Each structure stands twice: as C-alpha cells, then as structure tokens.
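Sharing a structure with you now.
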Amino acid sequence: MAQVTEQPRKWGMVIDLDLCTGCNACVTACAMENNIHYTGEDEVAYGRGLYWMRIQRYWHGEYPNVGPEFTPMLCQQCGEAPCEPVCPTYASVHSNEEQINLQVYNRCIGTRYCANNCPYHARVFNFFDYEIPAPMNAYLNPDVTVRSRGVMEKCTFCVHRLVHARIDADTQGDPSLENEVTTACAQACPTNAIMFGDLTDENSPIRTLFERSERGFQIMEELGTFPSITYLKGGGVYGGRD
Amino acid sequence: MITEPIHLALFEEDQINEAAEAISILRSQGVPDRNISVISGVPLSEHILGRPMSWSRVGLIGLVGAVAGFLAALAITYLPVLIYPLNVGRMPVFPIPTTLVVVFELTMLGLLISTLLGVFVETITPSYGPHGYDPRIAHGKIGILFTCPPEVDCESYDQLVALGAELTHNLQERKLWP
Amino acid sequence: MAAETSYLTGARADLEQSELAEEHLMLDPRPREEMNQMVMEAMTTTTPVYWAWVGGLALIVAVCLFGVWGYMTATGIGITGIRRPVFWGVFIVTFVFWIGISHAGTFVSAILRVFKAEFRRPFTRAAELMTTFGLAGGAMYPLIHLGRVWTFYYMVPYPNARWLWPNMRSPLVWDFLAITTYLLSSTIYLYLPLIPDLAMARDRTTGLRHRIYRLLALGWRGTEAEWHRLRKAINIFAFAIIPVMFSVHTIVSWDFAVGVVAGWHSTIFGPYFIIGAILSGVAAVVTILFVLRSTMRNFKYFIRPEHFDALGKLLLVFSMAWAYFFFNEYLLSWYGGEEAVQRILTLHATGPSAWVWYLMLICNVAIPWLTLWNRRIRRNPLAMFFITLAINVGMYAERYTIIPLTLGHQRMPFDWGIYNPSIFEISIAIGTMAMFCLLYLLASRAIPLIPVWEVQEGQMAHSLKKVGKAHVPSVTELE
Amino acid sequence: MKSKISRRDFLKLSGAGLATAGVLTGCGPTSRYVVRQPYSSMPEFGQTGVSTYYATTCRDCTAGCGIIVRTVEGRAIKAEGNPAHPVSRGKICQRALTAVQGLYNPDRITGPRRQARGGGSVEEIDWDQAVEVVGQALQGNAGSLAFLLGGTPDHLFDLVTELAEALGAPPPVRYSTLQMFEGRSTLIAATEAVYGTPAVPHFDMANSDVVFSFGANLLEEWLSPLAYTRQFRQFRQDAAGRRTGYLVTFEPRQSVTGGSSDLWVPVAPGSEGLVAAAIGRLAAEARGGGVPPAFAGVDVNAAAEASGVPVETLTRLAEMFATARQATALPGGNALGHANGLESAVAILTLNSLSAANPVSIIPVEEEASAPQGSLQAVQELVDRMRSGQVSTLFIHGVNPLFELPSSLGFAEALAQVPQVISFASFPDETALASDYILPDHTGLESFGYQRVQAADRPVLSAMQPVVVPLYNTRATADVLLAATQQAGAGLDYTDEVAFIQSRLRPLLDANDPDGLFRADEMPTFWAQFLQYGGWWTQSPRLEPAEASASGGSAIRPPEPLQSGQLHFIAYPNKLGDGSVANRPWIQETPDPMVTATWNSYLLIHPDTAAGLGVRTNDVVLVRSEHGELETSVYVYPAIRPDTVAMPFGQGHTELGRWAAGRGANPAVLFPPQANGAGDLAFADTRVTLSATGRRRPLALIESLDGVYGEGH
C-alpha cells in the first residue's frame, strides 16, 4: 500500500541519442524481462504490438545525405502524468516510493482513456488473451505479472527490480545496493545510450546529465508533463568534424 | 375520515364557470371547503375555481434531497481520499474544481429523486376531503365531490342541477391504488 | 389569469377560421373524450407489419447487440478496429451520438415548457421517450467499450472490501454520475406528466394492462391537490433538468477536452457539444415525428405541418449556431498555431478520411441552410424527414471526426494510425439503433404517446381574438 | 580468487555474488550431467523464490558473447550480458535475449527418431538404437563419411576433427552463413596477404578519430556486434560527453552502421575496393612521403566513375584519413561478397597502414583458433563429393544447408544422392526433415561446450554450460559420437563430452598464465571456475600490432556494368541472422532498426526506382535472378542506391515450426554459386530484374508510413 518510505527516491533515465544506434536490443530486452507477449504479424501490422518501448525512426535529409534519427520512446514516467487523473479506478497512479507512474493491472477495467491521453503513446492494450504455448510459458519472469485481456500496460521502469533492490538494501543494511539497480533496457543497451539512476542521489552519475547537460531536452516539455526521462542530443558541444 | 355519503356533481368540460359557481353555492350553504374537492381532467388552478390554495411539500422535500445529495457528494469525494490518499498527475488530493462537478451532479440527483419521492409519498398519504372518482373525469369532465351535513341536502342539489350538473349521490369510494 | 373559456365553440365558421383550425392543433379542439379515444386507439392498434418490425428488431437486438457483445466479452475487445493510438472508436462515437440524441426530450419538453412555447404540447412525450431510450442506448456504451466489462462496478462508489474507490478526478466518473443522474431524472420527467394519462388509460382498459396502469397511475383522481403537486414537481424538474442536461453533454465533451490530446484540448468543446447535441436531438425528434405521424393511427390530427415548421426553424438556428462554434473552434485552433493541431485540422480536410469531414459539413451546414429557410420545405414532413436524417448522419460524422480521426494523428507522426471500424462494432452500433427503435415501438403501444391533458389544456388556453378585421390566435395564461 | 578454491569456498563465492549481475555458479565442480531432481531436493543454491544465475555462452552467432542466464526454480528466465566477459561486458543483443524462446520452443524435436525424408512416417527410437546407427555408420568406409558443422560450438568441431582424424575420414566441413555474409574467410585471407598471419585482426576503433567502414556493418552483424558497438561508443563520445570521431560508411544500402555514421557514401556495389585504393592513393599523396606500391597503380578518376563517388569527395575523405591521429579502415560485409572481394579486402586493409597510428593488431593465439570458417569452397567440394556418390553417411549439426546455402549450389540434389543423412538438429528445420535420422542435440542453454572468440582484444575461451536440465529426451551430440566411437571400438578415449572439454582446457591449466582470469592446480577447480566465470581469458588486453608486410595488392577489377533493367541485389543478415532463430516469436516481433518491419521479408528499393517500377511500399514484386526468383513486398527506402535493391536474410523458411514456416522469402534462391578469391560466396554480385505483380501485402511496420513519409508516401 501507499506508505511513504523515509527516503523517497525519484528514478530517472537519460537517453543519449548521439549514442543510440537504433539496434532495438532494448526493445527485446524489455519484452523478455517483462513477460510482454508477442502478438503476431497481423496484430503488429494493425498497431497492436505490445511494445512497452519502441524506437522511433524518422529520416532527415535527402538522398544521398539521408540518415535516420532514432528516438527510443517509452513511458516517460511523468511527474504530472496526463494518464493518471483520467483513470476512473486509480489503475494509473503515482508511486511515492519510486516517483514513477504505476499501472495496477487488476484495477484496470480497460477504458483506455489513459492511452488516449498519453502524448507519448507509451501505453499498449491487451486486446486479446494472448496465450504462450507450453512449454514456452516456462520462461515467464515470476517477478512480473502476466497481464490478462482487457487491461492496459506500459513500461514500469522495471519496478520489480527497483523493489527487489530496495528490499535487498533494507535487509542487508546497505543502501548502496539500491543504487546499482538498472532497467532491462539500460542493462542491454550496447552503447550505454540508456542510463538509469536515482535523481535524488547526489552521487548518481545521471543526475548531472539529467539536470544540467547542455545537450539535454525532454520530449514535449511544453505540455508540462515533467518527464523522468531526459534525452541528450548534440548541441552546443557538438564536437567532431563537420 | 369522512364517513358521510359522498356526492358528485359532474360538469361538462367547458362548464368551468358553472363549476366555479357550484362551488360557491355549496360554500354558501355551509359546506366547508375541506368537505369539497374538485377533480378534473386538466389542471384547473385554485384561482379559477375560487378555491383555497392547496399545499404541497414537494418543493421542501426536493430541497432536503438536494442537501442530502450535496452532503453525499462531499462525503464520497472527500472522505475516501482522506483515508487513502493517492497521487494522480500531481493533482491535490482534494481538488475543488473537479469536486464541483461531482457535487453538482449529486445535488441535482438528490433534488430530482427526492422530488419524485415527494410526489409519491404525498400521493399515497391519506388525504382529507371527500374521496371518490368517476372515470368520466378522464373525458375532461369536471367533478365536484362533496359531503354535506344532512340538513342542507335538497336545496343545494336543485341549484346544482340548475347549473347543469349531473348529480350522483352516495358515491362508492373506489380503491384506485395500489 | 382570467378564465376565458369560450374559446372556439361559439366562433363563426368562416373561411379564415377553418384555415386557422386546419393549421393549428390548438385552434382545432376536439372533445377530450374523442381525443382520448384517438390516443387509446393509436395505442392499442397493432398490425402484422408492426409485429414484423418488432420481431425483426428484436432479432437484430439479440444478435447484433447482445450476441456480438457476448462474443466480444468472451474473446476480447480486439475484435473491434481499435488500435494504438486510436483507442476509442465507433463505440465512443455512438455513445456521444446517443447522448446527443437524448438532449431532444429535455430541450423540447423542459426548455420549451419553461419558455411556454405552445407548439411543443403534442410531442413533448415523444421527445422525452427519445431522451430516455437514447440514454438507455448510450449508457450501454461505457460498459460495452470496457476492456473488462465484468469489472465495471469498480467505477461505482460504494464501500467495498477491495479498498478500491473510484477516482473522482476522472471525467469518466463524472460521466458515470452525470449519465446516471440524467437517465434517472429524464425517466422521472417522462413519468410525472404521464400520470394523468396513465389514469386515463387505467379507466379504459381491463385485465393485465389495467392492473399495470393502475399501479403506475398512483391512484390518480385529478384532485386539485394532485394537480398542484404534479405541476410543482414538473416545474422543479423543468428548471432543474436543464442544467443537468447542459452538464451531461459538457461532461461528455470534457472526456475529450480535459485531455492533452491535440485537437481535443479546447475550452469551446462544452458549448460546441451541447449545440451539436441539441441539433442532432431536435433533428431526431423531427424524424421520429414523421414516423409516428405516418404510422400511428390518428396522429395526423396531433402532429401537423406547423410542428415541422416550428422545429425546422429551430433546426436552422441550431445549425447556424453549430457552424458558428465549428468555425470558432477551427479558427482558434488554427490561429493558436500549435503544429500538431494545425496538422490534424489539415488532415481532417485532406487526409484519407476527408470524406467524413466533408460529409459532416454537407449534412450539418449545407443541407439545412439550403432547405430550411423555405417554409414550404419546412412544412413538408417527408422532406423534413430526409433533412433531419441527414443532419444526424452529419452529426455522427462530426463525432467520428473528433474522436478516431483526431486520435489517429497526434503529435508523433511515427505513431500515427488509421482506424478501420470492424464489422463487430458496427454491428453493435446498429444493434443499439435497433434497440432504440424496438423500445420506441413497444412504448408506442404501451403508453399514450400524446399528452392528452396537455393538449387539452393548450386548446383551452387558445382562442381567436378579433383584432381589427382579422381573427388572430390568442393564448390565455392558465397557470 | 586466483588461488585454489575448495568446494565450500566456491559455494560461499556463489552466495556472495560477483559484480552487479548476482550469483554465478557452475553446476557444481564435479557435475557432468545435469540430473533431474524433484524440487523437494533442490541443490542448496537453488532456493525457492531466489534466482540462480549461470554464466554461459550464446550460440546464436560465432562471436561468442558471454551471457548470464537467470534461472528460477529450474526454469531459464532471461539471458543477460555477462559483465565480466570481455566480449559482451554485460551487454547483449536481441538474438541472445530470445535464447529462452529457443530453449522452450514448442516445436522442438523431443527425441531421437527415424523418418522418411521429406515428411511421411516418423518412428521414435531410443538412444541405444540411435548410438548403434551412428556406430555402424562410423564403422563403415571412413572415406565416405562426411561431417557438415555450423559455426558453433567450437568444441564439437574440435571433437569431430579429432574423430575424423582418428577414423581417417575427411575433415569436417564448417559453414556459417553469418560468416559468409561478413566475409570472414576473405578477411582472414586478406589479413594473411597484408600482415602475414591468417587471423581475424582486431581493429582499434575506440581510439581512432576517423573510421572508414567499407561494408562492415559493425553495429549489427560483423565480427562481433557487441564488442564493436562498445568500441563505437568510445569512438563516438569522450568521457566528458563530447561528440568525437568521424565515421564514414561506404555501402550501397545504408545499414544500421551507415545510419549512425557521420557520412554515408553510397558506392556502387563491387567498387568498395576501388574506392579504398583511390582514397589510399590520395591520402598517401596528401600525407607526402610517397604512395605505397599497393595504391600506386590506381586511377582515381576511374575509381570515382565506377563507384559513383565524386573525386572531390574522395579527396576530402583522403585528406581526412591522412591527417587523422588514428584512422581505421574496416573491410566487411558486402564489400567482400564480390568476385573482387579478396582484392578489395586487401586494399581496404592496406589503407590502415596509412594511418598515423596503427589501428590493426592481431591476437596471439594458436593457429587453429583462427582457422577459416564458413568458406563456400569447402562446401562446394562436399557437394561435389555428395553428388558423385562418394558420401555414404552425412552428419549435419548446427547448420541448415537446404535453407542457408544458395540453391544454385545444388545441395538439395546432392543430398538425394547420399544414402544416409543423420541430423543432430534441435528443431525441425528444412535439412533435419530431409534427413533419415534426427538425433537431437541439446539446445545451447542445455549444453556444455566452449567457443573460441575471434574478435576480442585478448584470447578468450568462452564457456558453455547447461543452465537448466534438458527439457526433452535429447543428448549431446559429442556424447553420441563418443559413445558410437566406443561402440565401434575405434578412436577416442574420452569418457564423455565433459572429459573432452577438460582435455582441451588442460593446456590453459598447465600454462598457468599469470595474467589469466584464474589459475588452478587441478582440473576440477579450474573447471568450476571456467564455468562460473563463463570462460577463461586474460585480465588485460593482449594484442600484437600487425605490421603490414606485403608490398602490393593485385589490381582490383571494377564491377561489371549493369545491363539495362538489371539491379544489384544485396542480401544482408539482420536480427534473424542465418535464419535459425526465425522460430522465436520475439525476434520476429522485434522491429528492424531501419525499416521498423517485423515478421516478414521486404525488398528495400530507392524511391525513384520504385516510382519507375510503379510500386509503393507494401506492393509485391517479383524478383528474378539468373538462378531463381522470389516474391516479396516492397519497402521504399530512401537510403539505398537507385541501382540497388536489398533484402534481409533469414525468412522464407518452409519448415522450422509455427513461427518461421511460410513466412517471407529466402534470398538464397537468387544467389549465384560463384565464390570470390578467398572462397567466400560472391553473394553481392547477384543481379536481378524486378517486375510488379499488382498485388499488395502490407508489411507489419511499427511506423506510420503516412506520418514518416507523408501523405501518399
């Protein structure tokens, strides 16, 4: 239940777009960590793939000076989340301990209002009961709920890892254990373009980047959602040639 | 309750003037207003018939309902979040603008439901005045039901008949509801 | 408030007066008993065609609405066409449509009653029935569109063991409360003026029907106290239900306007939706009146071209008001210059589904403006039937433009999506339409569709007054 | 941790954990076979509700990335990168992530069977019968035996090599489609030509400030995507977050690497070597001090014309290369998959010698570690033997030649000439179903083994161990072969697979390298640590700078001009690799980085070419080469040369279970059977003609075409 721990944290993420190669390892890592079901070709084609995270690929320039622009897009864990107040059943609430946006599956009745109201389109919906044929269901992560038909789901910042880390830190009396936790996408990212950490922690490596990087920006800042994800993209200190 | 026999003077639908006249005749003969009641197929206001204002508590009941709805709205918006505060979208736990919507709806709901209840309760509450009914009322006729002391009988009947009334004596009280 | 009762009985039957009588129901009085008989006859006459319609519609309701809904509940809402990012589709469109239709009853019956518009009298009940049945159809959609309909009661505020309480900050909870309030109050509002007519029906029927009417008539005799109480209650309702009606469609519009969705987040949505709702509601009243007039026995007496004429004028005004709001919304959104909004507005007019947008404008603006200024067209029930049908098609297109077409083109072009309604959701939409018609058909044979006492009251209040050389209709205030 | 560790200490170590990844354990120092036990008698490290982590090595490509598999109560949950492993350093790619979907794939072959080829009757047999079948085959004429192995695992290749030697049979043939696509054999041959050592060189990209990649899709599918992506990160950004490095990619289709590069140069297919040579010449001139003989004979204008790259661009790039502190040129991918591939590779490698600081080095390992792999030439010879009836029994493991090989090679017809085909496949792929016996091996996560890493900065022997008990009635192929050999009474005296692997570890144990990750006095301790850490490697990098020895390369033949209506056709591996993982639903569902497509094949085509053909994205076209034809949907791709079309490899399975079969098209049907100078398939020399079919089959894209490309795209 919503007890406030002594030291609430604010988990955040920094995604360096200069480093992102668009390889999609984070997408798969997220799926395998969070028991995200595959939906098949037809459903993906119709925009029903259950991607908690996806890499947006736009193009810039004209041939031959053409190139992709990759933006990993996931739930921004907004400080003022548009999805939260519109939920009639408190299925989308803010967590005090982690300062993230929770989705409570068993409270969700499937109005899908939150998904409409998410400017990042970070939410996906279980349109059907997706069944994983045995024995493939053996790999399901026991720490993560398997969602049933008719509920909304989205990136959780791997909240099960955060909770595990907090419990470990509490039981072993070593708060630093909690600082080592990372999300599945950040863990997999081959270029470390995705960095995860505690923004309340003075020593957190991402805190400076999050708050003060000259390259930093947040997506749709103008909407006042106060995302917990800062993106970095070359700006004033854009070194190198050209 | 009235135990005296009930009489009914029935006028045609366009004989409103005559009906009003009949009431004043009855009154002049010493039939008190509470022993007279007018039944009609269209609403005829007391002023038209020269009758004392009838009263109804429907408005008051409605008001009580509105207050109850208002309080219920406050209770369901305020109490649960006090017990179990949840943060959504960094809104206050008890935001006044959104509460106003709920308060408005439930106040209106309370008002309107209790108005119906008021109508219902007042309708099934036993009432004074002569009871009795004639289905021809629904044809637009105007009926004057009255009971009167035995000493004034004959005279009044003649005068009423002279006005064009169709008289029925010793009307049997019919149970119309439930 | 003088009692001027010698209304038409003694009047000379010259040409001018007969014309007036033919024109105006209020100036063409018939004895109450005759009117009662006409209404009762209309109510009790059923033809094989009627039963065929009832059977057919019942079948459609059973298969298209409940059958498909059951199938959808069993397999998942994925059988509809919704997708990311268009999470609301035909269901919500139809929901808004029915809630809009339901504004007709309140508008005709409460607003026109408050403003003492006399032409309302014969069709207030027909309009109120639309409100109730429209709401009944519309109120199903918040349930139908749920991903997990079996947990709908999570939205109901009552103490429970789940420690779960609805979020009073959510527009959907407001919706739930507002629709509940509106459904209950409009049903009551339908019922209260019906009591005298139920008593009339009670006196003219036997058997089961009699017992039902007797129960519903609450022992109505027509005493002064009863009339007084009833009028007081009706007055309270007439005044109280108007803000409720406004709040309901405002709240429905808030479902969209409170969001950050580009193209939805607009302060004008409240009045825009209300005007749209009244436009579609009044149009639907005309449609229904045409059907009643041409199918129910004796209704040609009660429903006359004058009513189509009056409603036609209203429609023209509301169509213009709607266009005004539409232009307002468009201009300000465009002027605001937010890229996403501008893009959506452009796409509405140029995108793959632009035909919906043009359909909306043609049906809501072009058709009414080109036709309704003409008295002869307004007085032609058949023409009005088609015009109002078109207006409702246009209003459906408006909601379709606002909901799925706006959702599909939000701020991130990478995630745009085109929504294709599936056969199942269309079937459910058709199912509720059939349910509305079925309920109306059944109700038309179950309750007196004409408030006879109100008509008679009006006829008593109307008279011809000689002014100079002409006789002009005059209304006496009886209340 | 370098000292001897007792079993008790070992378990303590298991509990204490290592780095951030949690606990790494072997299955216990003495265990050889993983035994099924009830949960009531779970081993002490397998506590209910607590995860156990096992280090092993991914077998989905030959890079040999160390992974850690999280298991809970005997179930493999998720593969993660091994933070200590010098290849992966805690990172992981999509294919390894979905390894558990391979392990738990419902379409696996559950036990040994005899079957009629091409479907039909299937007869379950038991392992005794299976071993007997293999034993009888081995007892026959050794000269008529043939072994066809895949790129992984290495220990099986070593064992089979030893076995073939003992039996007197021809050495096993190894083929890996992924290595074919990256031109591994060509690279090794070119390295030998330039540096005198047949090895996979190590390119120091991290410390370079200019990198020219000629076809090497290093971020997605090259020697080791993870290792080079890590280098790319260091190359791209310094510690202060400043953008550094300048990456130029020369490739006709913009790959993931091209997308992340600073300049993408769409060169004509087959002209990469010419471009490299031209740049070499211009750079040498810019730098002064004479033009190396390799570049002396290059005509810059001719190269510019053949490649479509203007001379000014070449000059600018050459100056950049010449003035860089350290400049690297990477040969790979379709640059090498041409008839002139070897010469191109030599030119590109030689370009490195113009760098101020030498970026190329070689890992000093035994020769066998760098043995050429995946060469088409060897396969060609095998096919010839098969066709001429010289093969009586063909053993196939880890490769699916009916799918992966160019159909023009005639493997299918040759296979029909082989009387007995024994497949060790875990999945019912095309070749397995065309075999007489399927004796299923364990999948990667159920197996012991090792893999030599070729693309690290130090010698690495990466360990494989089972993370779960084998799910089905499968048996390690090594054990089957050893048992059969013993039954045949000939050959090897290893008791089992583990004994063989340990014998191969013995030199490492004996060498007692002071820089080794761990040392031990006896094998059980060494073995335990080997499994626990996920392999053996040196603690610090060990590279020898490679000195260019060769004086000059031979002239590079320019590509033949296209005939009218013809287009270059380039197949490339993406997330699906060689197609063996196409049966994992999440690898299918993972979007392609550049195209965002899932679940199917597509043909990348330039907008102008598409317009000329009258097709749009999602329209189906018929692609026809001299050797075959296929149909696939078009994706109009802005970053490809107008004279080139490209298509990912890996789809088009006719078998391989519910998620792979009948999906997309296999570009292998289009390939010519020609090889380049190093014996690698000249797959990029494929030329095709396109024709619209008028049909439309929408691709499952994540993107909105309207949104990204505008209305009407």
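A few notes on this one:
As written, the chains take the letters A, B, C and D, and residue 1 is the first residue of each chain.
We adopt the following convention: a residue touches a chain if its C-beta (ideal position, glycine included) is under 8 Å from a C-beta of that chain, and two chains touch if they have at least 3 such contacts.
Remember, it's a predicted structure, so these values are computed and weren't measured experimentally.
Nearest to the overall CA centre, using the mean of each chain's CA atoms, is chain A.
Centroid analysis (C-alpha atoms only) places D farthest from chain C. Mean C-alpha position of chain A lies 45 Å from that of chain C. If you average the CA atoms of chain A and of chain D, the two centres end up 31 Å from each other. Between the Cα centres of chain B and chain C there is a gap of 29 Å.
Rounded to a whole number, the gap between the C-alpha centres of chain A and chain B is 64 angstrom. Each of the following residues of chain C touches two or more other chains: 165, 167, 169, 173, 412-415, 417. Residue positions of chain D with contacts to 2 or more other chains are 702-703, 708. In chain A, the residues that reach two or more other chains under the touch definition are 56-58, 82, 85, 87, 90. Listed by label, the pairs of touching chains are A-B, A-C, A-D, B-C, C-D. Those residues of chain D that touch chain A in the shared complex are 20, 49, 72, 75-81, 90-94, 97-98, 100-101, 103-106, 219-220, 225-226, 229-230, 232-233, 236-238, 241-246, 254, 256-266, 320, 471, 575, 585-594, 596, 598-600, 606-607, 638-639, 663, 698-703, 708-709. Contact residues of chain C toward chain D in the complex are 350-352, 409, 412-418. Only residues 2, 79-85, 87, 90, 92-94, 96, 226 of chain A touch chain B when the two sit together in their complex. Taken in their complex, chain D has these residues touching chain C: 702-704, 706-708, 711. Those residues of chain C whose C-beta lies close enough to touch chain A in the complex are 75-78, 82-85, 87-88, 142, 145-149, 151-152, 154-155, 164-167, 169-173, 176, 255, 258-261, 407, 410-415, 417.
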